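Naming follows writing order (A, B, C, D and E), and every chain is counted from residue 1.
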Amino acid sequence: MLINCVAYQEGKKLSDISVEAISDYIQKPDCFVWVALKDAQPDELAIMQHEFGLHELAVEDALRGHQRPKIEEYGDSLFVVVQTVEMDGDEMSVGQVAMFVGDNYVLSVRNNVMRGFLGVRARAEREPHLLAKGSSFVLYALMDAVVDRYFPVVDALETELETIEDRIFIRGSQRTNIERLYELKRKVLMLRHAVTPLLDAIGKLHGGRVPAFCLDTQEYFRDVHDHLQRINGALDTIRDTIGTAIQVNLSMVAIDDGEVNKRLAAWAAIFAVFTAFAGVWGMNFDFMPELKWKYGYAVAISAMISVCVYLYYRFRKSGWL
Amino acid sequence: MLINCVAYQEGKKLSDISVEAISDYIQKPDCFVWVALKDAQPDELAIMQHEFGLHELAVEDALRGHQRPKIEEYGDSLFVVVQTVEMDGDEMSVGQVAMFVGDNYVLSVRNNVMRGFLGVRARAEREPHLLAKGSSFVLYALMDAVVDRYFPVVDALETELETIEDRIFIRGSQRTNIERLYELKRKVLMLRHAVTPLLDAIGKLHGGRVPAFCLDTQEYFRDVHDHLQRINGALDTIRDTIGTAIQVNLSMVAIDDGEVNKRLAAWAAIFAVFTAFAGVWGMNFDFMPELKWKYGYAVAISAMISVCVYLYYRFRKSGWL
Amino acid sequence: MLINCVAYQEGKKLSDISVEAISDYIQKPDCFVWVALKDAQPDELAIMQHEFGLHELAVEDALRGHQRPKIEEYGDSLFVVVQTVEMDGDEMSVGQVAMFVGDNYVLSVRNNVMRGFLGVRARAEREPHLLAKGSSFVLYALMDAVVDRYFPVVDALETELETIEDRIFIRGSQRTNIERLYELKRKVLMLRHAVTPLLDAIGKLHGGRVPAFCLDTQEYFRDVHDHLQRINGALDTIRDTIGTAIQVNLSMVAIDDGEVNKRLAAWAAIFAVFTAFAGVWGMNFDFMPELKWKYGYAVAISAMISVCVYLYYRFRKSGWL
Amino acid sequence: MLINCVAYQEGKKLSDISVEAISDYIQKPDCFVWVALKDAQPDELAIMQHEFGLHELAVEDALRGHQRPKIEEYGDSLFVVVQTVEMDGDEMSVGQVAMFVGDNYVLSVRNNVMRGFLGVRARAEREPHLLAKGSSFVLYALMDAVVDRYFPVVDALETELETIEDRIFIRGSQRTNIERLYELKRKVLMLRHAVTPLLDAIGKLHGGRVPAFCLDTQEYFRDVHDHLQRINGALDTIRDTIGTAIQVNLSMVAIDDGEVNKRLAAWAAIFAVFTAFAGVWGMNFDFMPELKWKYGYAVAISAMISVCVYLYYRFRKSGWL
Amino acid sequence: MLINCVAYQEGKKLSDISVEAISDYIQKPDCFVWVALKDAQPDELAIMQHEFGLHELAVEDALRGHQRPKIEEYGDSLFVVVQTVEMDGDEMSVGQVAMFVGDNYVLSVRNNVMRGFLGVRARAEREPHLLAKGSSFVLYALMDAVVDRYFPVVDALETELETIEDRIFIRGSQRTNIERLYELKRKVLMLRHAVTPLLDAIGKLHGGRVPAFCLDTQEYFRDVHDHLQRINGALDTIRDTIGTAIQVNLSMVAIDDGEVNKRLAAWAAIFAVFTAFAGVWGMNFDFMPELKWKYGYAVAISAMISVCVYLYYRFRKSGWL
């Protein structure tokens, strides 16, 4: 579905143009065209391929979802794929933005993305001195928008980790903890899939050998690179911490079990002693003088209780109860 | 066993040719020969070695199975080994395709491969404008076919992992889980053996220093590279998740054991108390007034049951039962 | 908040100058300006941006906190971000110092830093032969001060680790140990966030391709690099040791539990034997001659105790008790 | 001990020569000398050092055993150390072959190697067209022989791993499994010591900057490199699998223990119930009407057995027994 | 404290010289000065700094202990720090040797080193043809001496590991094993701190870009590099093995506990059965015919014992006892 198709000159919007007019505009110097598609159909992309002269392999990749983020050069143009990651309630939703960028055009195709990029275009149009840098600035603005949306996701993951950490040393919460840690790990890996390949690829847009039309915007791409590294560092820390937390959780299970075992042992001992005494006086020997005493029973019960109380205090003191 | 031996000119099939005619055709300019062998015998390969002038070490490698995937240059020609991985029911079957590629010939030798590559040839012949790119396009088409067949295998592994994940927090399934995780790990390692060395090697076919006859098809090989990276990323995630799942599974075993221990402790305590009381009134003291009471027995039984019921509720409340 | 704004010539302080005068002074040859801000507001930085001609993206980064440490070149000037890490009681406090460095100016902006850098300026003014090296020496002096403040933090972490290690093989301290190890790990990761990116970045200031105005101070930056490597090595060792300590702690839990189980088994056996004997002589068979004996009871009790004492010694000998 | 000392010309054996004649032959063009020593003594090597003009440090290394595999250039000559690994029954035996290779000589010195290299010389003499490539081909032939002997060792390790894997999910075999896994790990590390340094070093003999006299045999060394990579990949897989197997084994211990605990709990419960009932009817209350009934005893025993049988079936159903 | 201060010419000792004469001698061509200090004080180093013209930062590093091993170039001279590691009984003692090396001088400063380097000087003076290579040979000789002293330390660690390995599968030694493994790990990390940074640094002294005065001794430094790699490889193996040993030890604890649990279960069952029977015949039913039989008691006892013996053999057979 076509969202926008606009021609710009020296950073200012010329006009909305028809798809058929694209090939005319991209031949004018100092002029560039910025087209946005959403959940594009093969026939829509075929038209675009014709208008812009796109490479077959790139178009195929844009149609298929679940691409790895990447930045590929086809002759003088770039084909960029980035993944969007959005929180949809408790779940993470992964979408894709494919961008074809030439000296004087940007074509963005988004699939399965919940929140659009109209704001990016609006802001760019309010800053004509920046938009005048051309198509590479549009590419930067779109990538920056995508990457900036990773930060709230990272925050959500960090908050979840902190919530789990607060409960990690609490008795009886280990089952829930381990389930949540596992789920968290899964989400971290999903976000990493969006971040790491892009981190590797974006080095092509600043530093050494940069495509000609990106020379002026290098510092902007370095800024995106820096954001990605920050996210990547945060994800590494979360992963590392999850690993340790799982180990620690197992230790807590073992420690808690050990304490239960000790209490079991202690109570078992107390009752075993009680029963053993009762067994003694339940024996049928003819000559057991204490059985004849008037207060024998009272004394026996008292003795049995005393021993058990004594054991109770001793176990208590040694920390078993 | 010879499957095909065909000469092509400008992307169009000239004719099936005899093996002896190969050396004639590969001397014609604008013409290339595409030969496919299956489970080749030493004598068949010796003929091919003679016709194409293949290097001794490469031929030896093609005869032996279980080669690492690799791309080696011998003078102006390439020797490529890739592994096929196919699902054969629940088991993975690993085969090998060795390819000798020169400026004007492709010789592919497949061993232990279940599904052939006739479809690749058919499709290539339907696209003469691509086939006109020559032998390197055939190499691409074959490698692409092999790599595309990894995707359903990865999908099968991911599905298996998800099935295990659905059961990982269910009591009593830990033994099965651990067996399936171990088996899954084994399969992942098998597929990795096919993918990782190829990923390292394929960089030679695009980017920096590419053999002369592959210059036009660089972007195609980059596409294969990209697919391999996607597969590799997916395998890394599966491996990482398996590792975590094994740890989590062990935690679940420990947690479940801990719960069983608690229940054991609780029931043991209840019966120990019951038996202790019975032991008291089974003692043979002469003066135990309650034994004489008419409702002593009923009261005693009631008391014993009451205490046990009380304990039961208390344990229940504290989550032990 | 402006802290200082001073102009220097040939390593000697000229005078405190007003903010508006900055742009005049930085045009004089052999003269440089060193400005220090604290918790700068957007409007303060806007003035500085104007005076020094700073890049928009760098200014944005300096305003936002929680940046990764980094060293970026903007044309002929450098933008440096370092993190300060200070112990605030038992907690670690992370701040940020952003530095804009040109051939003849240094602008440092610190956020959330407890201890200031007045001492650095004082010491630099006492060593005019060094300060004469210009702005790059000031950059070195500030970075060196920040990095030197990591050492006491590392020492505190090492001391904490040693305290835990002293208790790791002591029975009953495993719960506390694991909590402290987890907390320590968290702190190590925080400090690593400050150290590792800086370690990667600082290579730009010595060795191969160094900004022109840093050529004379390369050896000083190499010294900072060396300090960072020392810290990084120490952190790696702490991390590695924490990992092992967590594993060892789990082993100790298991060993201690095992010993408790053995003792439980031993005492359970002793009482079970005692009760079994009592049960035998509590049976109601008519013909049990020993019940009639005068010393039957005494003999029985003695036998029961003897067996239990024998068991006790045997268990003791085999290390179960 | 001198094994062979032979001069070759254009790939054909000239004659066995005396040690003293070596220095004459190595001055003739188109001629090379191949000397093999076994468990060489210092004085033997001193003579060789004199004849061939070997570097002091290399000779020292050849005398000492337990060197790391390495390839070092001394001027125009190479000093190569490889380790042999042979199965000696169930144990692995590690030996060493040191090779001094110049443009027109090869001196090999083997220490603690069980199986010699006479077959390598014999085969080389049967292929004069290959031997004509000179000393670098001899170096290749020797290295290839050493590396080929790693394959059966890897196979033995893989077979051992599979044997353990077959038993890993069998109850009661965990102690043996863990001992065998540990032993296997030890062997893998030994073989890795022979393989990994050589893998790093052999890159010097093909590709970029190759010693002049190895230019013609590059493809052969690449083949050895490829074999080493295959072995290395296999060892990595074994190591990875051992790690997982140890984890899985621990899980199986925990699962088995858990099952034993459940059975223990179940049987304990059954007997506890039985004993509790017996305790009730063993009480001495005067008014316990069921004690007077004629079939009271039979009914009681039946009731007790019924309850226990009922518990047995219930536990059985829930999988505890 | 000054130990030696000697001038050499063409590999031969000229004479002991006074500290003040150093600056004269180092201006003579073909002459070099070798000075050794021990636990140097600031004032001693200040004199040396003046005589040799040493860089301030290097002198500071030499005064402070606990430096990372490193090799730094200051103009045409080198500043080298290596750590000595010596066994002091069971403990490891870490010292430091700082070396300032110029074209015609070597100044070594050792701190906290137990065994001196007089032997190195003596041996060097006995080999004038080597000492004639100048100051870089002295640097080599000192570094080689330090690195050679790592080998007995590695041997001690390996011996300790083997001792632990011999006990790892022995019941009841797990607590000691884990303590010793932890201690061993600590020592390995200490030695690694001495080895790894030096390994990274020493590459600067052979191969690509070597300081001019080290060109002739490259092969010697490569030899030291090789020794360090050997030590590093050995340490990696020890670390890897310790990791596995800790895991294995935990498994052994679990297996041993499991066996104890089984025995506990078995004995508990035997006594529970015995007591249950006794309980039955201790019941007070009026009509229990077997109680009246003459041999009832004997039969009952026999039956009870028989059942227990039967259970004992069954448990024995199934490996629980």
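In this section, a residue touches a chain if its C-beta (ideal position, glycine included) is under 8 Å from a C-beta of that chain, and two chains touch if they have at least 3 such contacts.
The model shown is predicted, which means the values in this text are computed figures rather than measured ones.
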item: Chains in simultaneous contact with subunit B and subunit D; value: none
item: Labels of chains that are neighbours to subunit D and to subunit E; value: none
item: Rotational angle, Cα trace of subunit C fitted to subunit E, multiple of 5°; value: 70
item: Chain copies touching (subunit A, subunit C) - same or different residues, decided at half shared; value: different
item: Rounded Å distance between subunit A and subunit D, as computed from the means of their C-alpha atoms; value: 40
item: Distance from subunit B to subunit A - Cα centre to Cα centre, in angstrom; value: 25
item: Shared-contact residues (touching 2 or more other chains) in subunit D; value: 247, 250, 254, 257, 261, 264, 268, 272, 275, 279, 282-284, 288
item: Cyclic chain order - from subunit D, heading first toward subunit E; value: D, E, C, A, B
item: Of all residues in subunit A, those that touch subunit B in their complex; value: 55, 57, 61, 67-68, 70, 72, 74, 172, 174-175, 178-179, 181-182, 185-186, 189, 193, 197, 242-243, 246-247, 249-250, 253-254, 256-257, 260-261, 263-264, 267-268, 271-272, 274-275, 278-279, 281-284, 288, 290-297, 300-301, 304
item: Interface residues, subunit D side, partner subunit B - complex; value: 168-169, 219-220, 222-223, 226, 229-230, 233, 237, 240-241, 244-245, 247-248, 250-252, 254-255, 257-258, 261-262, 264-265, 268-269, 272-273, 275-276, 279-280, 282-288, 319
